[in-house]
Amino acid sequence: MSSSYGNNIRLTIFGQSHSDAIGVTMEGLPAGSAVDLEELQRFLSRRAPGRNAWSTPRKEADAPEILCGLKNGVTCGAPFTAIIRNTNTRSGDYAPFADTPRPGHADYTAAVKYNQANDPSGGGHFSGRLTAPLCIAGGICLQLLAREGITVRARIRSIGNVTDDSPFISPVSGLDFPAVSPEAAKAMQELIEAARQDQDSVGGVVECIVEGCPVGLGDPMFDGMENRIAAIVFGIPAVKGLEFGAGFHASCLRGSENNDPFIIENGHVAAASNNAGGILGGITNGMPIVFRAAFKPTPSISKQQQTVNLKTGENAVLSITGRHDPCIVPRAVPVVEAAAAIAVYDALLDYKKYRS
Amino acid sequence: MSSSYGNNIRLTIFGQSHSDAIGVTMEGLPAGSAVDLEELQRFLSRRAPGRNAWSTPRKEADAPEILCGLKNGVTCGAPFTAIIRNTNTRSGDYAPFADTPRPGHADYTAAVKYNQANDPSGGGHFSGRLTAPLCIAGGICLQLLAREGITVRARIRSIGNVTDDSPFISPVSGLDFPAVSPEAAKAMQELIEAARQDQDSVGGVVECIVEGCPVGLGDPMFDGMENRIAAIVFGIPAVKGLEFGAGFHASCLRGSENNDPFIIENGHVAAASNNAGGILGGITNGMPIVFRAAFKPTPSISKQQQTVNLKTGENAVLSITGRHDPCIVPRAVPVVEAAAAIAVYDALLDYKKYRS
Amino acid sequence: MSSSYGNNIRLTIFGQSHSDAIGVTMEGLPAGSAVDLEELQRFLSRRAPGRNAWSTPRKEADAPEILCGLKNGVTCGAPFTAIIRNTNTRSGDYAPFADTPRPGHADYTAAVKYNQANDPSGGGHFSGRLTAPLCIAGGICLQLLAREGITVRARIRSIGNVTDDSPFISPVSGLDFPAVSPEAAKAMQELIEAARQDQDSVGGVVECIVEGCPVGLGDPMFDGMENRIAAIVFGIPAVKGLEFGAGFHASCLRGSENNDPFIIENGHVAAASNNAGGILGGITNGMPIVFRAAFKPTPSISKQQQTVNLKTGENAVLSITGRHDPCIVPRAVPVVEAAAAIAVYDALLDYKKYRS
Amino acid sequence: MSSSYGNNIRLTIFGQSHSDAIGVTMEGLPAGSAVDLEELQRFLSRRAPGRNAWSTPRKEADAPEILCGLKNGVTCGAPFTAIIRNTNTRSGDYAPFADTPRPGHADYTAAVKYNQANDPSGGGHFSGRLTAPLCIAGGICLQLLAREGITVRARIRSIGNVTDDSPFISPVSGLDFPAVSPEAAKAMQELIEAARQDQDSVGGVVECIVEGCPVGLGDPMFDGMENRIAAIVFGIPAVKGLEFGAGFHASCLRGSENNDPFIIENGHVAAASNNAGGILGGITNGMPIVFRAAFKPTPSISKQQQTVNLKTGENAVLSITGRHDPCIVPRAVPVVEAAAAIAVYDALLDYKKYRS
């Protein structure tokens, strides 16, 4: 179903940007697992808006209220549901877009698909705000994975044409701007600021690395790790491209360059390179899973844009005056981690059913 | 499940490269639809090997035997199953790879995942040969889509560093080498031939365009058209990247450049550009769906490669002497069409349930 | 997944008897459908406890709070979520059952399955209280079905050995005790009262009839109407048997007795009898769907019972002093209607995708 | 999907009674498991027709041809597919039923559902013949379960009004007529023979018992063991009722009678009775799973029956002259075992993912 994901842990995300609440239900969490709510809150705060110059000034505490599924802070085997109240909504900002759909948004497609009954306020169910419940689910999976020795971390790989090619060694989750190289980070922020001043926006690429997976996660054909990760990452608004390991660049290589030679390392099978991004035949090979997701520039810009008036059937212009991120990529970093954690943890449960 | 795909038409692909047969079952085909078996065979022949210099000399007729699901050439509502016998197998070619896994292949990951019980001959279930039943399913969906006014066509966009930027106006399905520009096609073939002579291989990119979709196909979040297409396209062996519309390039654009302005065209809503690749919020907007899939170079190369011996736990070298394509991209073109057709037709059935 | 149901409308039920809230999310509701909340509340009130002698004195308003999915009272295409706060909980009542599981309840199986991390208060996620969100989902489906000319109604067919064989002509939804024959109703109530006075409980059978379905709902083998209804009805706590049409009695008939002769009636195909319960080959035949669900007696009784102490590993006795229904069958009647409505509406959407 | 079943092992059944072949694909079998093909054949033979007086004289070897999924007789991780060729078909027998649907069969509902494109020969996909591939899948699951100490066995509980109340201690799989009591078996056979001589048929009840399950199989609400078993058992043609443990009779009991007291037995928790049929809250409690499925009498009878002519819209009569079982219950016994084995093994894999 459209807002559900997972074979084993099954999450369902609900809510519109301006409905009473948004939230998530997760089925299939292992019973008896403590959930560290403070750690979860710290993770959610990395995504929350309103903290700095490049994010929307809409302030939301993003503090989840847990309705069920925990007993004394520990999963009890029943579905887990958490909600976040929508308190700081200004639906009036969106009134005009019912008739004049915003370019780059789902206003038009949702209006047609849902027979004009859709909720356009704040983008409705299509809003980036729905990544908050995704992060609740992902934050819990991150905790579960950590106990299995599996870590997930993402970083900004590029903003516009500024790329950070530094090796991704130390984590960036503690940084306000999660790029590895301070120089690249500075150039990226300048690019974002320039776009903002031009009443415009800019896109970028997030890179994610998952370490510690056993050999054997993922399944052939349509349930490989690439398929699983793609099926959730393309659920993050604004993602328009995804690649694993060498990715698109692999199409420019020869087989002798792209194949990762197997080697014995410390008595174990490893690979001398990781163009495969840790995945062969859809299945993890013990090397880190590496993928990159391309984010288009925020479609909401203050600059005047051309659109149509659905009522009159005539061309029209519009300016978007609401509160918007000139670049969503920094806030998307924990969202990508959340998505990856969910996909990997779900695959891990599939793996486990044949290991006991 | 790993070898199944689809919400409404549900296909399950079975078989190993060297098992008695490979095949596909499709549930959910609409009853009463004629299947043109000659047209289907022509489509399958575009994928079949052994026809030219850049494909493996393994000759397979790829003639499907239909076991059930049709009555007098018309779908009867029961599951459709077709098989292809594996007649031209040379399993001996693969005997060494059980112990010394081929770099870039699933030999190693499958051996670990399946406790050494996997079938390594010809890559087993991970073989590119399994794209033949995918094409049977896709070929049928192509016929069903055509009756709804929806067309799907793909082309080689690049081989190695040679890119064909010609607009994709006329179809290339009738060409032996399915690129648009004859000049680019020539340069691409030279690149493939050079790789072959070096006992090496080369990758490339396939671009696919789907025209005629109504506004409203696809669903939010995890069942958007991007998610659906990704979930099947990453099931094609060797795909390591996927992008829609402007894709990765969109990350370098500003919002004012990337947003597709809505316009009134012939009295209908259209877009002045198509950076979105026909998809907004996961839902088709009436513009063509456009996506590109990156294929890594064929991992099977005759050149000597480094690997390990799983039995002795020591480093080893191997040369792959079987029959292999120096570039699989030309044969992958109809496979990408098949995958896209399945994803779109399945989404069309989801769409229809709210239209009657 | 365990607490999810449906191919097209997908509902997920969450909550424990004593968690902060219980609720339901429904995906796939058709956009643009008005939901009559007063009618929904009336339906929910038929299930709510505390209204009469044969139900638990635990009073719950069962007033749903709708978090999302409606816009001005109309479905907007986004998932619908409603919750009910648990206000009147007395978890202390259940403290002893963590160690001495109640016979006939899930206390023991849940404790073992969930490694003693389960929430035993009030039965946790296994509580009959979770039928309230099922009724929210079912109440909405009842409204949607009514607009398609399909009605669903259930009645008490038997309590203990008292059976009501009156033809099910007029609805009983307005009755406090939903049996057709007033004489039978009186005898049933006396049986319940006798059980209550003996600190005991009693079971019964609910019969449900669905009228107005088109010919063609349901699919062969594992998605037939019987399978679909069974998959949801066995999710109602205490159901231990289910039969369609003549059901178990059909096993005592000869083919010439059990087969329903086809006849032409008012120019249409009908059947002269309905031993099939409206379903042939899993598919509706235009006659009313008729099924009966057998409910075991409420396992919670005040009478002393034998159990074990899981901590000491010794036999033990227990008396259940909480608030319980001496017979849940009267309150189960709308729950069965809800379950049937969900199953039928979901099948209707599958049907529709081949009708446009 | 309609002809698929299972969360972990996913089986898809294909074929029509008179198509070239019928068969089954199973995904998710654990790799490295030997399949004893002779034992499988013995199991299939218990279902095969043509062996005695009470089954159809249509003789089918029912010898499966395994297309893929095994390597040297051992599961290799790839999907398993086996087919059975339809060799002994006499489609001409069924020609009249396209216009005059047989009462009690799916002829009419399939014709309407599939727009007259359905395959009525031999009942098409609705034929009891499709239980042969179900038995292939079930036979493999029986072998896998046996290695985990879990056994599944069924028996004829009743034919018409003749019931066999003998305790089900010793297996009956070796018997030509699988009832426990020889006296009951004799009376049952006489009943069948009488029906046959009257050109009529008779129904019955199959009882199944599953022993050796760990505590904890099955999940709450819609994935409980009752739901899982019901979802597959109602896929067996002619099943119209299903009950667990005391079943419908439980509705006549008081709680104090129906509740199974927990006791300590040999140091373990057990129950003093088994009215629950081994299932509490949808989850196995360590006692045997016990269920009974009611089969309607074979709808195909030689006696003249009333029907309608779909072409002329007038009442009509028909006599069925093909080859049919006067009672399918004896042959249904292994089919019920197969269905139970699949449901239990699938639940076991769900259980295992939380045990490693």
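For clarity, chains are labelled A, B, C and D in written order, and residue numbers in each chain start from 1.
The rule is simple: a residue touches a chain if its C-beta (ideal position, glycine included) is under 8 Å from a C-beta of that chain, and two chains touch if they have at least 3 such contacts.
As the structure is a prediction and not an experimental result, all values here were calculated from the model.
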(request) Just tell me the minimum hop count from chain B to chain D, counting one hop per pair of touching chains. (result) 1
(message) From the centre of chain B, which other chain's Cα mean sits the farthest off?
(response) C
(request) Go ahead and note the Å separation of the Cα centroids belonging to chain C and chain D. (result) 26
(request) State, to the nearest whole Å, the distance from the C-alpha centre of chain B to the C-alpha centre of chain C. (result) 45
(message) Touching at least two other chains at once: which residues of chain A meet that condition?
(response) 1-4, 13, 31, 78, 110, 113, 125, 220
(request) Using the touch rule from the top, collect the residues of chain A that touch chain B in their complex. (result) 1-5, 13, 101, 103-106, 108-110, 112-113, 125-126, 130, 158, 160-161, 195, 198, 200-205, 215-216, 219-224, 226-227, 230-232, 234-235, 237, 239-248, 250-264, 267, 269, 271-272, 275-277, 280-285, 294-301, 303, 305-308, 310, 313-315
(message) Give the list of chain D residues in touch with chain B in this complex.
(response) 1-4, 10, 12-16, 19-23, 25, 27-28, 31-32, 65-69, 71, 74-81, 83, 110, 113-119, 124-125
(message) Per the contact definition, I'd like the list of chain C residues that touch chain B in the complex.
(response) 7-8, 30-31, 78, 220, 349-350, 352-356
